[in-house]
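Take a look at the structures below.
Common to both upcoming complexes is subunit A, partnered first by subunit B, then by subunit C.
Now for the complex of A and B:
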């Protein structure tokens, strides 16, 4: 017995985890796939009714679904772009000889580990039109106050701003780790050739940093596509549907309207989008010769 | 950087830049802390931004009127449970993946991070309802394990890769089976890695909102769900809400300071090395 275990140890040790992931993730996703071809409202009396592709066809005629897709991409692209630029800038600053660097690095961790729901609620207070500091600050500058989370035009930028606050430090810390491990020689050579700071940054640092940046952006993108907690805690998709990303719409369809079939179809599309973007980015990274 | 001494102006500007950014990133936390000690009147009057009647009234009401102790207990049980079972499944898996270079399996676990949690929420709800497990610790711990276990595996794979394997081999020579060599020799010297990966796993369970939103009920409501008690009415009890937010975030912020070295590793786990 003990011999058999030793011989098959790599399976004995990994199978429990693999079976768990299979039972809790792979099988349920399969179930969602099956449900996506049915019409059902979770009742015990009427069983799921086979409707083939109807749920998928309905979704593409559903304006709210198209809108939720656009909002998801809008949120992800803008947030990740801003976070990357700011994060790289911050990392370059932190890569200097800063007094108390260790402490600074540690404190920058706090936004990303704080409980997202609590973070969302803090920002609800900050954005509150009458009593929040966002508007108090604008007034001090002589600018008119804004309806941050309750105006249809401003709600997405306001949410993106929260995401930028929460996740720029992560990009900065990953990039900083990349910067620290860069070789010193190219810089010395460039200095002898008379390159200025900007030239050595754009011609040496950025190209060398490419693998690190790929990883950071990929991770951030995967998580930004799935943003749920912050949106739920601040606007729940509102006002109206102006911040209802696909994640929130799926939740609303499934757990508020109990349109199980349609929600499942939406979730399958969402699942495929997130998975293909991830695979695509990983392949792109490998093709670019990036190998970490 | 190397060679010439940087100019003093540049040094000062860099410091101003870093510390100003840090201040801006910490400002929301300071604001939450300030508000949690204010009375409702002080919060509602923007001319009294920094007037604080330093009192724990909000905190007392959070525990007395909103029975937060129950929710803290629920979050704690679920977090500890999900972490312990995550360790039981995750540690041997991480060890085997590291030792036998099972990259494929590592990748499978990585998928658990990529797949949107909401895409299995409907089946979970249906299955756990049929098993009468909604509003029980069992369903919450099982669901949170899908968060904790991958983090534990990602942090532990590089950790196990870095351990010296001579100790294990000598235990094997003495007649130990691989599982008992793992438990008696490898686990004890992995203390630091296990502690930090557990802290990380616990933080992510504590912060989890979506799974608890569906699977928790009145008896097992965790903190991120319970905090909405403050805004379910037309009036928001801002002081209480901010005190509750402090109570929720303070433990994870403190834990994060202990596990700081591994936080980035845990957050970026798998993908950087994938």
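Now for the complex of A and C:
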């Protein structure tokens, strides 16, 4: 017995991981894939019915699905862009020798460690149109109160604002870690050559930060694509369907309409989108000659 | 970095789940040994049997919890109640039933929302034998409320809570302005217009505006204008009557409603009303304790109730069984589950709970003075006025996929509240609603 273990030691040690990945990742995805070719409403009496590609075809004729795709990209692109710009700015500021740097860093962590659902509920109160602090603030400035989460036009920007509030610190912290590890020599050389602050930032800091930025943006982007809890806790996709991103729509299809097959098809498409974006970003990173 | 945390959390979750399942299985096998225990209650040394009741967060659930010790002492059956918010309850029970879990013995469900789907999916045990064992058992139930828990002659549940739409109003505001309690929708609009005073933080009218949630409370308006959701399997939401109703309801909230109605289901709308920020409110009668309980409402002593106002087609409020109790198809303790339902739905218990403010489905209780003692007098009158042949026994399209239909119809209500083109929205929704109806004909 012990001989056998000795001979297969590399398998023995990797087995738990393989079993874990198989059970927790491959199986659910496989089952979802299988279900996506069936019509099923979780009924005990009618078993899943094979419908081939019908679920996928239906989705592409479903304007709510197209809308939810657009909303997902809108949310992700705007949120990640704003977070990256703000995050880099904050990190550069924090990299100066300012008083209370440690305290600020700790405060940065707070939005990130809070439970998303709790964050959502707090923002519901902040955005509440009659007594919420957001409108009280606006009125103090002499501006009219807004219906943040209950206006079809304002709901997405309001949600993006929450996301920016919660996740900018993460980008800032990652970038800060990158900044700290940058070499000092190029800056000294630039100073001697007479570069101003902006030049040394755009010509030295940013290029050197590329690898850090790539990974920060990639992580954040995948996360932003998957955003569910904040949206669900604040608007459940409403008003109407104006904040129903693909994740929310999948949930509605699956657990409110019980169209399990169609929900699975939607999730497979979503899976492929996230996967291709990740692969694309990694390829881009390699082409840019960045190694991590 | 964060992903690995999520993975870890997931793993921990599954582990907990596994532990939970194995202990639940142990519980089941322990229980099945004594599944006939309730019949031989004279046996002194029988094992304690535990049944699991999955219920909604509802005033009824709060009330029954207080009475449980009596039942447990009497029968030796332990009762464990899990309660969830309405929509989560549907999800939770559907998923559990679909996975053939044996864990649910008694389920509290909404006959109009989930009844048809659960029944067709085979989630319910057939209760006919239990219910009809005692011939007169159902004689005391309001007949229309029994209709909502039957498939042909077969019972899959027993009605638990009934409700009808009533008008909540502020006595003090009406008195001050010298306005009579509105009896028609026209009068309601005039009164709301007069009392609407946003500068002082009081809206003329509040009601649900959130997509799907609004549909049930909109239904009485729809019937009052002479419309309906569907007829003979055809959508009728673009009929002139329906369009009038959509316009009326939307207009009321658009012009005289508080801010943010598009996200309001009953808890939010009720909060606006009970904080003294609205003059009129229409919603289900069963929610009245929220408005009259001084610990929850700032206007507890100023709330008046009236029957739902009449429209061009007369007064046609919904009058429905909103909640019922059923037995899970895979329950291994059906006898004990029935014992519980029989007790919870007994005359004495319904009387007791109705005195707590839970409108039940028993005729004798409604006819007894104690049965309505705890109801404000004007509310009891309003409920009575809504009953009889006036009441419509459904407040949403009664089909399998109620959720999808409510979302589609809710979009039209939304367009009305936002002051958009209701006709265009209704025509779009009409097609989608018809698609849902057609898909169920197959």
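Annotations
Rule of thumb we're sticking to: the second predicted complex is superposed on the first by the 285 of 292 C-alpha atoms of A that agree within 3 Å, B and C clash if a C-alpha of one lies under 4 Å from a C-alpha of the other, contacts with A are read in each partner's own complex, and residues count from 1 in each chain.
Convention: contacts are C-beta pairs under 8 Å (C-beta built on N, C-alpha and C of every residue); 3 or more make two chains touch, one makes a residue touch a chain.
Quantities reported herein were computed from a predicted structural model and do not represent experimental measurements.
When the shared chain is aligned, subunit C comes close enough to touch A:41, but subunit B does not. Once chain A of one complex is fitted onto chain A of the other, the partner contacts of A:2 are limited to subunit B, with no touch recorded for subunit C. After overlaying the two complexes on the shared chain, residue contacts for A:255 are found with subunit B and with subunit C alike. For subunit A, the partner touching the most residues, choosing from subunit B and subunit C, is B.
In the overlay built on the shared chain, the residue A:93 is in contact with subunit B alone; subunit C does not reach it.
With both structures placed on the common chain, the touch criterion links A:186 to neither subunit B nor subunit C. In the superposed model, A:152 lies in contact with subunit C only, and not with subunit B.
Look at A:20: by the touch rule set out above, it reaches both subunit B and subunit C.
Once the two complexes are laid over each other on the shared chain, residue contacts for A:116 go to subunit B alone; subunit C is not touched. In the overlay built on the shared chain, the residue A:267 is in contact with subunit B alone; subunit C does not reach it. Counting contacts by the rule stated earlier, residues 20, 24, 42, 130, 170, 219, 222, 255 of subunit A appear in both its interface with subunit B and its interface with subunit C. Interface residues of subunit A facing subunit C in the complex, by the touch rule stated above, are 20, 24, 41-46, 128-130, 145, 147, 149-152, 170, 219, 222-223, 235, 238-241, 252, 255-258.
Of all residues in subunit C, those touching subunit A in their complex are 1-3, 7, 10-11, 14, 87, 90-91, 94-95, 97-98, 100, 117, 120-123, 201, 210-211, 258-263, 272, 277, 329, 401, 403-404, 407, 410-411, 414, 418.
By the touch criterion stated above, subunit A contacts subunit B in their complex at residues 2, 5-6, 9-10, 12-14, 16-18, 20-21, 24-25, 27-29, 31-32, 35, 42, 90, 93-94, 96-99, 104-119, 121-126, 130-131, 133, 136, 165, 168-170, 173-174, 177, 184, 187-188, 191, 215-216, 218-219, 222, 225-226, 228-229, 232-233, 247, 250-251, 254-255, 260, 263-264, 267-268, 270-271, 274-275, 278, 282, 292. Contacts from subunit B toward subunit A in the complex involve residues 1-3, 6, 11, 14-15, 17-19, 21-22, 25-26, 28-29, 31-32, 35, 43-46, 49, 88-90, 92-93, 95-97, 99-100, 102, 105, 108-109, 111-127, 142-143, 145-146, 149, 153, 177-179, 182, 203, 206-207, 209-210, 213-214, 223-224, 227, 231, 238, 241-242, 244-245, 248-249, 252-253, 256-257, 260, 263-264, 267-268, 271-274.
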